[in-house]
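Structures given as structure tokens follow.
You will see two complexes here that share subunit A, one where it goes with subunit B and one where it goes with subunit C.
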Partner chain A sequence: MSGKVRITIDGKAIETAAGEKILWAALDNGIYIPHLCSIRENHSPFASCRLCFVEIEGYPGPVTACTEGAAEGMAVRTRSERVDRLVRTGFEMIMSNHRTECGVCPKNRSCALQKIAKERGLRLKPGRLEKLDRNLPVDDTAESIIYDPNKCVLCGRCVWTCKKTGSGTLGFAKRGFDRMVTTFLEAPLGESGCSGCSACAEACPVGALALKR
Partner chain B sequence: MQLTEEERKEAVEKSREILARYDGSRGGLIPALQQIQDVLGYVPAEAMREAAGHFGMPAVDVYGVVTFYNQFRLTPPGRHQVKVCMGTACHMKGGNIIMESWERVLKVKVGETTPDREFSLERVACVGCCTMAPVALVNETVHGKMTPTKVDGLYFSHQLANQQKKEGMPE
Partner chain C sequence: MNANKTAAMVLDEIRAEALRSWEQMRQKTLIAVGAATCGRAVGALEVAGVFREEIERLKVDAAVIEVGCMGHCYAEPMAFIFKPGFPGICYGYLNEGLAARLVRDFLVDGDPCVEFALAADGVNDFIPTFQDFPRGLVEQKMVMEHCGLIDPENIEHYLAVGGYGALAAALAMDPGEVAKLVKASGLRGRGGAGFPTGSKWDLCRAAGEKTRYVICNADEGDPGAFMDRTILESNPHLVVEGLAIAAYAVGAGKGYFYIRAEYPLAVERIRKALDQAGKYGILGKSVLGTGFGLEIEVFQGSGAFVCGEETALIASMEGKPGLPRHRPPFPSEAGLFGKPTVINNVKTLSYVPYILRNGADRFKETGTPGSPGTAIFALAGKLVNTGLTEVPMGTTLRQIIYDVGSGIAGNSNFKAVQIGGPSGGCLPGETLDTPIDFDSLTRAGAMMGSGGIVVLDENDCMVEMARFFLDFTQKESCGKCTFCRLGTRHMLGILERITRGEGRPEDMDLLLELAGDIRAGSLCSLGKTAPNPVLSTLKYFRDEYEAHIFEKRCPALMCKDLIAYYILPHKCERSCDACVGSCPVEAIYSNEDRIKVINQEKCVKCNSCLVACPPQYRAVVKVSPPDLAAGKEKENDERKSQDNH
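Let's look at the complex of A and B:
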């Protein structure tokens, strides 16, 4: 990364490090872009949540802000008809198998999904899509954390964090609709060799992994 | 699925033997797992642990690979292998109903083996006889135009044959 570049986001002039991802440049400057899966320290973003779309002048179509590096003179727009459509559909799909029980959820009011809905005027109901609850058992075997896989949005933040600073217990398993964050042989967290550092609960943007109250 | 002490030992030994042929680079993981399955017929937990150690990765990531691909099985194959077709034609003709019927009579879920190791249940993609959809295979025999009652019938005749074999074979 060499020096600073000037870009504009929604018309606002911003100075940022060359190559800094648009998502972080925007957030640092008080411009909100929906995001679930990005982690600032992770320099190879998964770009799996597909919610951070922006338009960049001269680009044929919307791109994910968490993967696009800033370059001198870039003109970024966080909203457009195409962006809104992609975000709305992506969000609906996530909500279609997210167990929504905000009233009793430990992340109520600090949940990234609530924030996205509020910022973008979207509904927490999946809209056109059917709600599919996976009905998986909630795991409360660990000492300090509780894991409700039915709320998981598969962003991968916990998996990354667990590998970086935890005991490497969490990972992805299975495929398609059955895809889930779990442990070796799907052992309950309490028996999985989890060190209980609860970094995953901190990383989780929704209420899937949360600290026990 | 409970494994016997002997099976566990065999799993560890065979896995080590196979893994020794691979250097530690991660590209070897899938071929090694395939070879393990070729020899053991499935990929037991012990083998996954060995592989994780060999390739220097968390065991959960090996589990992730094994559960991602349909070709890997986690439980030993049964003496009778039931494969229910979930290809396009069979899917349209209610393959999932046939699968549910097998799950009901065998009391296991797809991908599992009955505790007596008599049956294992799997899903397959098109087996090439879509005109007979929905299709199920028991070992190598194709059964077409399956219905839940046919599933009951097949299971029953296997039980019967087994019983007769037992009776006809005094110890």
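Let's look at the complex of A and C:
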């Protein structure tokens, strides 16, 4: 599996490690593919945000770039009618569940959602869909970070980071629409054994976990 | 070759003993009470108790055993009485009094009470057999052959009817040959997707790792499906044998039954079966003396529908949250604890002993070229005869509904059949002649699924049906991926809006768009198939959606917000106050002619008055849209004032 392979992304010839996920091969070469949940060091991708769809020649339908390994001669297209449609709907769904208050959000201008919207010409309003605000309480009990679950897109980057470099406090709880990032027994962060390293705030792409200003 | 002979010989020794006690049992009178969950729910255990008491009291030489379900769930509690000199006679719709009478009249006095007999098990002059039923012509039993006829908690019964012979035969073959045979049979996974079982086994065999696992997936969770439960409860050893053969074929030393905890009787019976098989040397360090070692354990799933998905099932067994993950790698390559794992459905494994005993060609004689063998369906809904049936693949829906199920219950007409559970779809009358197999059902817009069939009549609203299933998948979604977590939630919101009468003209297109994207974008099959109930109802019953959205009318009179209750003045008996008494909110009053009238403002649409109105009057009706009722009342008032003038 080691060694280099040659693939094309949007017509651009790219040399990359065999098995390297298309998402990283593209990003390394300056080709943007929308993504929220992927972490390069994580070798079993979550594949949960469903935004990094691409077309690969010979495949029946769009696939997620974060799970597809590069193989010799692969021809990838980051845009197509089907891809654009899926990304648009997926993004709309995420926006319908994300409390949008960019004006006062610490992530304003560095937010992954804003970047996706800009790159793909999408709107931050959920368009065809109704807003589903969950109205959960904001947790500001921790010393250095503030957690607003209403902004959370459930990408899981904070959970992964907390496990790797933090105190392993964060995890997922509940299921379906109620799924959320929280602590053991849903204790407030300040009482949860959080070490206050704030690695999660750094990992969060959307400002759900952010440093206190 | 020596070892081969041993397996069969070891089995013969065990079986000789089993046959002796089986023969002994059949020499005297035997009462076999159907005591699977379906029977127990309507009092089978009480009936069995009465049989035992009466036999004891009247000093009759007879034995009572508890067996599983034959599939005739509609007639439960049922019992087969085998009395020497008579054919075996099956009695249905039993109760405690009837049981006592059968002991007195039949066992003591020799009158078989044919008026209560449902069927006999051998051709005779006075009682028809189950084969004489219309369904007898359609049904063919490969898996359910012994269900309801042997004691599931007694391994000797299974051995006496030829049990574990297939395992012995498999052990005499090279494991690769066993996998080849199953592949040649064309057996497709009965869990829903229809993946060729032999190919799955081959993938696992080809995997490098030597530690391998086999898992029987018994996390049956579709609303209206109970095939796996019934098989596990009625013939657990059959499934154990199938799993043991699978383990031998792929070289697994460890097997698991993943049974949902809501099936306590199935768990208990499989545990007993594993115990007994271990004691008889059929499982354990050296299976039937061949040196092939196999341990099988039961793992109880704790109630998440999504854990029927194989990667979620594995995650939950590993102690992690039951969430699906991206495939590949498939479990056959990297499954439980990262080792190659074969996961097969209960029914799939139940066919394996049949294939080993009869060969691949014999198996392929039944069914269609693309889907060989039989299919097992759970019949539920508005049918006369609900229950379980096993029919060849390619049988039409019409045969299943009208021949097996005896048609629609009550004075009602067929509207649709929901097949394949929350991943399936609703098919209308036009499609009744569709042969049932994996491919033609998918083409029609439904899905084989695990085999639940729910029959709907004209009183069932198809929009409400779609809403019900979306509500189910939305609640059962694990919440990991965007499309399933939020997409199903949005679809449910739209459907709720429509059933409330707040539908918008663009809603149908929006539903179609969302459905297509959820299907293409979701991570696992739960999400990918979740839109099917909506897509199929929109395809076949678009007029009902339109009636809800544009006319604010529910044609089936089911959606509460779109109906009103109304008392027909010319049918109201006047002196009867049944409806008035039944109303919990005092919304019904008598007008000056003593005709009952419903105060629409107060009415909570609980349906009590409609039930309470005596059948000879049937004065209470539902109307839709709801303002029809108010309009009619106004009309009545006007007519009355004209009469007065």
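As a working rule, the second predicted complex is superposed on the first by the 212 of 213 C-alpha atoms of A that agree within 3 Å, B and C clash if a C-alpha of one lies under 4 Å from a C-alpha of the other, contacts with A are read in each partner's own complex, and residues count from 1 in each chain.
As a convention for this text, contacts are C-beta pairs under 8 Å (C-beta built on N, C-alpha and C of every residue); 3 or more make two chains touch, one makes a residue touch a chain.
On a predicted model such as this, the values are computed, not experimentally measured, just so you know.
**Student:** A:184 in the overlay: touching subunit B, subunit C, both, or neither? Say first, second, both or neither.
**Tutor:** The first partner, subunit B, only.
**Student:** With the two complexes superposed on chain A, say which partner A:168 touches: subunit B (first), subunit C (second), both, or neither.
**Tutor:** first
**Student:** On subunit A, which partner touches more residues: subunit B or subunit C?
**Tutor:** Partner with more touched residues of subunit A: C.
**Student:** Given the touch rule stated above, what does A:154 touch, subunit B (first), subunit C (second), both, or neither?
**Tutor:** Touch status of A:154: second partner only.
**Student:** Scan A:207 for contacts with subunit B and subunit C and give back first, second, both or neither.
**Tutor:** Neither partner.
**Student:** Considering only the touch criterion stated at the top, classify A:62 as touching first (subunit B), second (subunit C), both, or neither.
**Tutor:** second
**Student:** Where on subunit A do the contacts from subunit B and from subunit C line up?
**Tutor:** In subunit A, positions 172, 174-175 sit in both the subunit B and subunit C interfaces.
**Student:** Provide the residue numbers of subunit B that touch subunit A in the complex, in ascending order.
**Tutor:** Residues 45, 48, 58-64, 67-68.
**Student:** Give every residue of subunit A touching subunit B within the complex, in rising order.
**Tutor:** Of all residues in subunit A, those touching subunit B are 163, 168-175, 182-186.
**Student:** List the residues on subunit C that touch subunit A in their complex, please.
**Tutor:** 304, 306, 321, 325-326, 474-483, 485-487, 489-490, 493, 510, 513-514, 517, 520-523
**Student:** Which of the residues in subunit A come into contact with subunit C in the complex?
**Tutor:** Listed in rising order, the residues are 44-51, 53, 61-62, 64, 67, 82, 85-86, 89-90, 93-94, 96-97, 128-130, 132, 154, 172, 174-179.
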